[in-house]
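In what follows, structures are represented as structure tokens.
The two complexes that follow have chain A in common; it is paired with chain B in the first and with chain C in the second.
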Partner chain A sequence: MLFEYAIVGGILLGIFYALLSVGLNVVFGAQKIINLAHGDIIMLGGYAAWELYQTYNISPIISTVIVVPITVVLGYLLNRVIAPRLAKSSDPEMLSLILFFGLSEVIEALSSLVFGNAERSLPVTSIPTAPLKLFGQAYPADWWVSALVAIPLLAIFLLFLYRSSVGLQVRAVISDSVEAAVAGINARRISGLYFGIGFALAACAGVWGVFIFGGVSPTEGPAITVTAFAIIVFGSLGNPIGTLVAGIIFGIFYQLAQVYVPSWSNLVPYVLVIATMLTRPQGLFGRKQRIA
Partner chain B sequence: MQSTDSKMKRLVGPTIATLVPVIAFALAIHVYSNELLLTYMAIYVALAQGVNIMYGFTGYLPFGYFGFFGIGAYVSGLVMLDYNFPPVVAVVIGGLGGALVGAILLPLFRLRGAYFAIGTLAASEAIYTIVANPSLQSITNGPYGLNLANYYSSGMAYGSAIGLVAISIIAVSYVRGSRFGLTLKAIRDDPYSASMAGVNVPRQRFYAWLISAAIAGMAGSIFGWATSVFYPQAVFDSSLSVLAIVFALFGGIGSVWGPTIGAILLYSVYNAIGISNPQYFQLIYGVVIVLLVLFAPRGLLGFWNFIAQTLRSKRKKND
Partner chain C sequence: MLEIKQMTSGYGPMQVLWDLDLKVNPNEVQVVLGANGAGKSTLLKVIVGILPLWSGLLELEGHDIAHMSVTARVKRGIGYMSEKGIFPELTVEENLRLGGLSKQKSETREQIDSVYQRFPELKERRGYVAGGLSGGQRKLVGIGRSLISQPKILLMDEPSSGLSPRYVSEVIERLAELRGQMTLVIAEQNISFLKIADTVSVIEGGRTRFEGTVADFTNDDNLKTAFFGIE
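Take a look at the complex of A and B:
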């Protein structure tokens, strides 16, 4: 019974974890930027959901849609400011890590000044549904509703990337930005847009993080970033589909650990990232080209 | 005799760089009576220099540096509590503990650049989760921390912290001036050419890593001893490595003076505003990092070197 509970719960949560980490992989995508502020964008998404619900009584399901355009624009603008400077430096990947780390500190500091240090949570009644009953076990409403919201979001994202003409340009820029520019693609604008989409996916996950993590607080960012990083490394850097599979596998591992060895469950992401990096650095779905 | 002469000359710079901060710390206690605060400042100078040895000379950023700090605090605390070792000996053992964990984490060097940074972070978080785990309460006292109040001694801990400052600066000067340092720089700038030229790249890097880990281990030991009661989250705090990295970057990585100055200046700022308004301090150093990366990747010392270089070229003209 417990085993089935862990598996089904793990899949439901895993879909959420896929959404949580795919944005980090997207930001990494075009310019090899490591977004250490990823968890903080997720945190901001959470505060957006909280404010929208408490002030305007807007359902988190609608908030998920509202945060998208705002974060795409913010991400795009940020990218246009920093990308040229990073590209000029000797070690862009490393410098991006330090830069976004600084940004993460700024976001964390500003959020605790604006929102205060106390954790804020939303009542489960803000998503007007009941727990899901399956195989004689009940799963909290936020688990399956967040999975249900994440699936269309991820589907739209994948359709955009693999079936639209802009998505084709994005993939061209990822595989070779110089060649793409030669073919008449505005590589800077496209990578800026893709970067913004990565931010938007993070913010969408943040809306649901308020429920899954039991609340939102200014200091939650870094731990989320490490978890997301573990998942994208596991599923291969630069490969969004790999992230989706890795997210679900992570969810199952994590739930199994929660059920059988709860005090050790926090080790799961760290062990996952170290084991992947050391044994199969290219990840589950990577071709053996990138030496991490 | 010219060679001894130039050798003497080469020793002057590092000696001054070591003695000035040591004397300054020794005198500071007579002017400013908050001993614990000065101890912490000295610990941060040592940590910033430890980061300097690692990142400044090998280009590997130890994001999980706090893991060694925490291990040092726990190893030294436990040998004091369980085996009644004198604190100063325990501090040295704590340093060895840090170096030992460094040796265990050696496989992480298969990762490069940013992956190494995140790999060390994950490793240190894993160590924290293990040490603080309620299941290990019989050994580490789990989440409840250690109480070293019986070993507290005013003056001794501060003295050890000053000693550690000296050790860390001597280590940096040695690394910087020696053949070892040159090979490290060669490795950082171009590992392929360095290994072609016969440098044993992994071994040299490993030594730097061990020295750096031992410094953090001793720093953690002194921190635990001076604080006397601590919880695991206080010594396995990722903001420890964050601050050490920021201090080193701010002062100027790869130099002897930079991290000392960066740590003293920024830690003073931290004490002026950071304790009462930590968010404002966090905001400031976040902005400092962003500006450093975008506009001054070489830190304060970058400006200083620029001035010194222009002066030196003028002096040469006069000769």
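Take a look at the complex of A and C:
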């Protein structure tokens, strides 16, 4: 019974972890950089949910929708500021790491000033509270509700990416931004939009992270970034579908570890990264290309 | 159609083009010959706007395009096919669709169908990821995408690069079908492309060494020695 519990719970949580990580992969795709402030954007999403509920009694489900346009615009504007500087840099990867490390620190410090250092949490009554009963086991409401919210969000994102004309342009820019520009695509605008979408997905995950992580605090960002990084490396950098599958696999492994070796469970992200690097550096969905 | 005078440019502080001149007439196929490092690719990148023009004149149909963005130049009618020429992660069909971004969906569909008629092997592989195709097929995808965008002038950077002689012949045959229908500038070091050229430019050390017809080129003993190895 414990095994079934770990598998079903892992899938539910894995869907949430897919949402948690896909934004990091999107930002990587948009700019070929690792957003070290990814966990902090998730944390801001959590604070947005907390503030909206405490002040206006807005349900986290509605907050998930509210944070999308705000974070898309924020991400887009941030991209327009940093992208030209990165383009001019002789070492854009290093510059981006420093920039986003700095941004992470600033967000953390500002969050401490605004919200205080104490962890904030939302009452479970802010979402449907009935646990999900499956195979004789009960799964907490926040697990299945967050999965239920994440599924349409991820589906909309994938439809946008693989079925729309703008999504095709996004994938062309991800593939080769110079080639995309000479194909007539406004690569900077498309890249900025995609970057913003990455932020929005992160913020949406943050709204539900308040429940899954038991609360939100200013210092939680870096640990979340590490988990998300492990998942996107496992699923292949730049491949959002890989991230979705990897998120679910991670969720299952994490839950299995929680059930059978709980004190070791926090090692799962690190083991995942090391194992991926040693056995399949291109990740689960990385493809080798034909040379000639 | 395209006029370049005293063009200078390069990468960062390194100057590659030195007062280069080039003139391309409408519906002409011009092959720009030069050895590795002569500046052929740099020249095309400056024309399309990937690299900045340091000084000199760059005009398309009498309009100064030197300060336009890449996107604006593409809208004005410049097409560019890089050595890679494709988006390897996208399917053949998706690569072709990118050629028709500025067109109505129905028009793009017609154009894609016409490319499939011209290159039936692409139709058979429409759902394949372009990066998995053979070198020759990849070039056809690049050419097909360029045809759909219907540029006034198409710049091609080493279409023979990475291809076996069999595929080079195939690409040349396909390009020959376009003669007289559009203006082509082909940067190459493979002299086989002279078969389809109206005019030739030879670049050496970032400078124009020769401009003229194919006949003029083949009659020049010095160039013969340099490119054909004939004493």
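The rule is simple: the second predicted complex is superposed on the first by the 286 of 292 C-alpha atoms of A that agree within 3 Å, B and C clash if a C-alpha of one lies under 4 Å from a C-alpha of the other, contacts with A are read in each partner's own complex, and residues count from 1 in each chain.
FYI, a residue touches a chain if its C-beta (ideal position, glycine included) is under 8 Å from a C-beta of that chain, and two chains touch if they have at least 3 such contacts.
Remember, it's a predicted structure, so these values are computed and weren't measured experimentally.
Undergrad: Between chain B and chain C, positioned on chain A by superposition, is the outcome a clash or a fit?
TA: With chain A as the common anchor, chain B and chain C both fit in the superposed model.
Undergrad: Counting touched residues of chain A, say whether chain B or chain C comes out ahead.
TA: Answer, by number of touched residues of chain A: B.
Undergrad: Based on the superposed arrangement, let me know which partner A:4 touches: chain B (first), chain C (second), both, or neither?
TA: A:4 sits against neither chain B nor chain C.
Undergrad: From the overlay on chain A, compute the angle at chain A's CA centre subtended by chain B and chain C, rounding to the nearest 10 degrees.
TA: The C-alpha centres give an angle of about 90 degrees at chain A.
Undergrad: Which holds for A:229: it touches chain B only (first), chain C only (second), both, or neither?
TA: first
Undergrad: Report for A:281: first if it touches chain B alone, second if chain C alone, otherwise both or neither.
TA: It touches chain B, and chain C stays clear.
Undergrad: Rounded to the nearest angstrom, what is the minimum C-alpha distance from chain B to chain C in the superposition?
TA: 17
Undergrad: Which chain A residues are contacted by chain C in one complex and by chain B in the other?
TA: The answer is residues 292 of chain A.
Undergrad: Quick check on the complex: what are the chain B residues that touch chain A?
TA: Touching chain A from chain B are residues 59, 61, 107-108, 110-115, 117-119, 121-123, 125-126, 129-130, 133-135, 238, 242, 245, 249, 279-280, 282-283, 285-290, 292-294, 297.
Undergrad: Any idea which chain C residues touch chain A in the complex?
TA: 48, 50, 70-71, 74-75, 80, 82, 84, 86-90, 94, 97-99, 101-102, 129, 131-135, 145, 149, 162-164
Undergrad: Per the contact definition, I'd like the list of chain A residues that touch chain B in the complex.
TA: So the residues of chain A in touch with chain B come to 34, 82, 85, 89, 91, 93-99, 101-110, 112-113, 222, 226, 229-230, 233, 263-264, 266-267, 269-271, 273-274, 277-278, 281, 291-292.
Undergrad: Along chain A, where are the residues that touch chain C in the complex?
TA: Chain A reaches chain C through residues 165, 168-169, 171-172, 174-176, 178-186, 287, 289-290, 292.
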